[in-house]
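What follows is a pair of complexes built around chain A, which joins chain B in one and chain C in the other.
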Partner chain A sequence: MPSDRFAQMALPQTGQAPLDRARARVLILGALSLVALGLFLTLGVPGGAWGFALPFRAGKLVALVLVAYAIATSTQLFHAATRNQILTPAIMGFDALYLMLQAGSVFFIGAMATQDLDPILKFSLEVIVMMVFSTGLFLWLFSTQARDLYLLVLVGIIFGTLFRSLSSFISRMIDPNDFVVVQGATFAQFNTVNIDLLWISLVLCAFTVPVLWLLRHQFDVLALGRDTAINLGLPYRRVMLITFATVGLLVSVSTALVGPVTFFGLLVTHLAYRLLPGARFGPTWIAASLVAVITLVGGQAVFEHVLGFKGTLSVVIDLLGGLVFLTLLLKGAQR
Partner chain B sequence: MGLALTSILVMALLSLTIGVADMSFGAVLQGQVDDALILLASRVPRTMALILTGASMAIAGLIFQMLTRNKFVEPATAGTAESAGLGLLVAVFFLPTVPMLAKMLLASGFAIAGTVLFLRLLDRLPRHQPLLVPLVGLMLGGVIGAVATFFAYQTDLLQYLGIWTTGEFSGVLRGRYELLWITGGLALIGYLYADRFSIIGMGSDVAITLGLNHRGVMWLGLLVVSVITAVVVVTVGSIPFLGLIVPNIVSRMVGDNLRAAVPWAASLGAGLLLFCDILGRVLRAPYEVPIGTILGVLGSAVFLMLLLGRQSHAVR
Partner chain C sequence: MIQISDVSHQISGLPILTDVTFTLPKGGITALIGPNGAGKSTLLSLMARLSKVQTGAISFDGADVSTTPTQALAKRLSILRQDNSVSARLTVEDLVGFGRYPHHKGRPNAEDHRLVQEALAAMALMPLRQRFLDELSGGQRQRAFVAMVLAQDTDYVLLDEPLNYLDMKHARQMMERLRDTAREQGKSFVIVIHDINFAAAYADRIVALKNGRLHAVGTPKDIVTRPMLKQVFDLDIIVENIRNLPVAIHQIAPFPERQEHP
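Moving on to the complex of A and B:
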């Protein structure tokens, strides 16, 4: 394939060594995630309760893996499309946008009607609305090229505050009896996963995998910037549209399953960037997803069954992620 | 100015008459004990609390912007309010029996420490990137808030966390808001030292050349801002964006001379808070929408306009 020949030409003669190292690191990450999955399934199961514990935990496990995949992938796509590594969909409040749309649907349609809807149909509708909304907003915000990065980051964060306030405002305007329908969670709960939407989420995520894999080289070109990408013959607008729509879809899945997690995506993508410096979209994507699975599944297993801290993993992740964000800002400023 | 004061007076009267319980001024004048009780124990304290909080938070924001020399920061989003909240949690957990005043003092101590930390971080930022300052502030606030959430979760104090994260005035009654008068006193100090804070806003070199005790005035401003924020957080909860948008509007109206700006900030702040609280009480009567939520929507929308509008003017 011509693109492969181009890739080999671009690499230095000794390029095989880093490639091997990258492959080895991805393999190690894969092994570690298997360990994390095993730990999550088996840790602290009382003898004789296996028949109950295994299927129960397996459902939660699938959900957590989906969330890990969705957050890592959406963050990395977002980084490629916006050409920055600080802003993420979650920091821009897109999980809050999803919660806002959910509250808004209860407000406008009424709780009875929303409850009568088939949950899968309702979720699909929400995902579609979310994809339209997020694509529109992204395209509007990132259409002007000359905007400076810090302005974008700040605008993104304030948009997040706006969506969060709006969603809590709408849920206050709803009849208190309907209020239970909307769960205005302020932070994610990994041990109470929304199992109803598991299958549809699985299908949606499974659908994105081959699409993104086929497009992985295009994302590399996209990350070179608009002008270069168009020069190289990339159908820029179409790829941007696909990217932002996919981000909207993945954010909906992760928020619907566990709730908002602000800094998780930033944390895992930056770990992946560190582990595979200079790697292309494909390998980095695999690494980021694996790191996310290790952190989320392994972390939850250790937190729940070893440390006994129920439900605080998301807070710790947000704390670490916030510190990473602060360091990135300060470091970027010194340059 | 006259117009501003009149509209505050009108809104204050309005705020006295709106509420779930039946109360009329006529009945109070006729000597109805119940109506007088509602007025004096609930309505008057609530209205006073709104005016005090609005005025002092706006002044705190104004001084904070001078100390940091940046128009996009305010104590409620730069770590000060979150630190105060953390201090309150620590006080509630370790010293549950001490009086409210002592808890407030501890919260103030935490708020001062958080503000000093923020100012230290600012020293490491390049001056030519003004937008980094609010970003670092927001993130610092987020990190301190996450520490507080973790602490609250592990010690079963999550309901206390709710108290200071969303500002609300529905709990204000006689006997439970009087600490807020401290902010009134501090705001007055802010007014008396307004000229010195204006000079601080020109940078340390200018300030020292003009013979100002730079360190001393910095510490005074820090103290005023932190204690105002801490008192507000402890009594009514965090009031976001007020200290950001009011000083920006005032600076467009009368410029950056604090002596002229402080009275305007105080009246606009009080007016805005009264307006938002009345809105919160009317929108969904007999329930209430907390003022923190209304200000969150309004304030972030105005902040976005300030940020994106600045781009089209192309001024830095």
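Moving on to the complex of A and C:
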């Protein structure tokens, strides 16, 4: 028996093979993302219109890539911190909170003042409020021991409905001219990306990349749950704070740029989990972001430039993501 | 040395622990026994800083758990609670590898790898090490979690019912492994255990809790006696001496006529 065990121990390549496979898959995803980016920029550009089309599309492309990154990352962080892989910030009604803040600021400060505010300053304030809200709300919900998943789904639905109702309530109270301002913010879509906030969003997202990369091992430990994380010496509360603040920031960015997309995060993170089974936070994070870029940019390229459809990509993504959500819920119920 | 002084703890106004004070020397196995709700798990989680100490103080070799940085404590003591589960998909080897995290912070070296392999072998997990946790039985998963804590290689190891889900063979193997580790490497284990006979056979000392208070501390021979068990568990239990080891026959009520038998 012991000799048998040592023979297995001596095999050096175990653990190496899945790593190589993971690396190969990430590389393939990277190549596919590049193809998607290329297609989005070049598909169906009428001859002679390159000078106009390229800069126009490039701005939109950057926005879509940021949204892909923000949604994939925030979802994966949320999964690590809450120890479940079914709930996402969007399912917990988080983008609805952002929209409520929009309506609330118009209501309290007035549309004129809101529009007079420097959009970048205004957005920064909203991001800060979102970070504070998300940290407070989620720490309250998740700081105690693991809660029942179905209870949390219910809480998410209630929160989402509450935030949406509040923002529509506020919209009804303000005068119609002000309402137009709110509507402009709430109806951002993949087709009508909010370009004003592109640069600030880019800066914010770029800031999160090195921070999250440095913390990637800590997120692996975080995902083991509170008790195990503390046992392993993780400064649990601090990491939870950073995680939820980052989630708040990324949700603000994606919602500001293209509005709410409920099931996109769930779809892309689960594709990444399937592609890299058992992988750590770092590789999975890269894979999820790339899958998100491929889905969003590639899908938008096909929809916009090949099929000539408008505004249907989010419907398709939410349909697919919703199916994933239902499957996961049913699988969870069987266990 | 573990020092627990005047520890009291309340959860939503209800006293769980009251004025618990005792000292455990370094090395060996200490079994923590007591009926359900005696406060064993609470005491363990206070010792491992999973819950905040409300009153009193707990220290390991002079390092107070409330004031020592958590990273430093993770190299000194480890804990495994009951009912462990992981939502992420992890292989057994990866989980056990996390036990080394306090030492390498994400960059394992050869020494870390060696200790992980040792822990896997100690818990008889080598054939299962590439399996995902959700593909294991309850007992196998329990062994994987114990292996993780062993890989952490701390002087003090707190285990809350480590024999949960284990069959007889693996339960005995685990206790033997813990005893060997304690003897060979001078480590200290504090184990919440429900099977009093395992405590009698393997523990160097037994701490009995009852209603949140310390009831008795002593060797297995002191504690595993009919009057003492009656006090702690409110249950009449025959204790026989078999091979110089007290064995409690707690599964059946004592028959008076059988007692007359020499």
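Operating definition for what follows: the second predicted complex is superposed on the first by the 316 of 335 C-alpha atoms of A that agree within 3 Å, B and C clash if a C-alpha of one lies under 4 Å from a C-alpha of the other, contacts with A are read in each partner's own complex, and residues count from 1 in each chain.
FYI, a contact is a pair of C-beta atoms (placed from the backbone, for glycine too) under 8 Å apart; a residue touches a chain by one contact, two chains touch by 3 or more.
Everything quoted here is computed from the prediction, not taken from an experiment.
Novice: Give one word, clash or fit, describing how chain B and chain C relate on chain A after superposing.
Specialist: Fit.
Novice: A:Val155 in the overlay: touching chain B, chain C, both, or neither? Say first, second, both or neither.
Specialist: The first partner, chain B, only.
Novice: Which holds for A:Arg83: it touches chain B only (first), chain C only (second), both, or neither?
Specialist: Once the two structures are laid over each other on A, A:Arg83 reaches chain C alone.
Novice: In the overlaid three-chain picture, which partner chain does A:Ser124 touch, first (chain B) or second (chain C), both, or neither?
Specialist: Neither chain B nor chain C is touched by A:Ser124.
Novice: When the two structures are overlaid on chain A, which partner does A:Thr42 contact: first (chain B), second (chain C), both, or neither?
Specialist: neither
Novice: What does the superposition give for the shortest Cα distance from chain B to chain C, in Å?
Specialist: 12
Novice: Determine where on chain A the residues touched by chain B overlap those touched by chain C, and list them.
Specialist: Correct list for chain A: none, the interfaces share no residue.
Novice: Considering the complex alone, what residue numbers of chain C touch chain A?
Specialist: Answer in residue numbers: 45, 48-50, 70-75, 78-81, 84-91, 93-94, 98-99, 101-102, 105-106, 117, 121, 126-127, 130, 132, 149, 152.
Novice: So in the complex, which bits of chain B are touching chain A?
Specialist: Contact set of chain B toward chain A: 72, 121, 124-126, 129, 131-132, 134-136, 138-140, 142-143, 146-147, 149-150, 153-154, 240, 283-284, 287, 289-290, 293-294, 296-297, 300-301, 303-304, 307-308, 311.
Novice: Could you list, by residue number, the parts of chain A that touch chain B in their complex?
Specialist: Chain A reaches chain B through residues 147-148, 150-151, 153-155, 157-159, 161-162, 164-166, 168-169, 172-173, 176, 187, 262, 309, 311-312, 315-316, 318-319, 322-323, 325-326, 329-330, 333-334.
Novice: Using the touch rule from the top, collect the residues of chain A that touch chain C in their complex.
Specialist: Those residues of chain A that touch chain C are 5, 8-9, 14-15, 79-80, 83-85, 216-218, 220-221, 223-228, 230-236, 273, 277-278.
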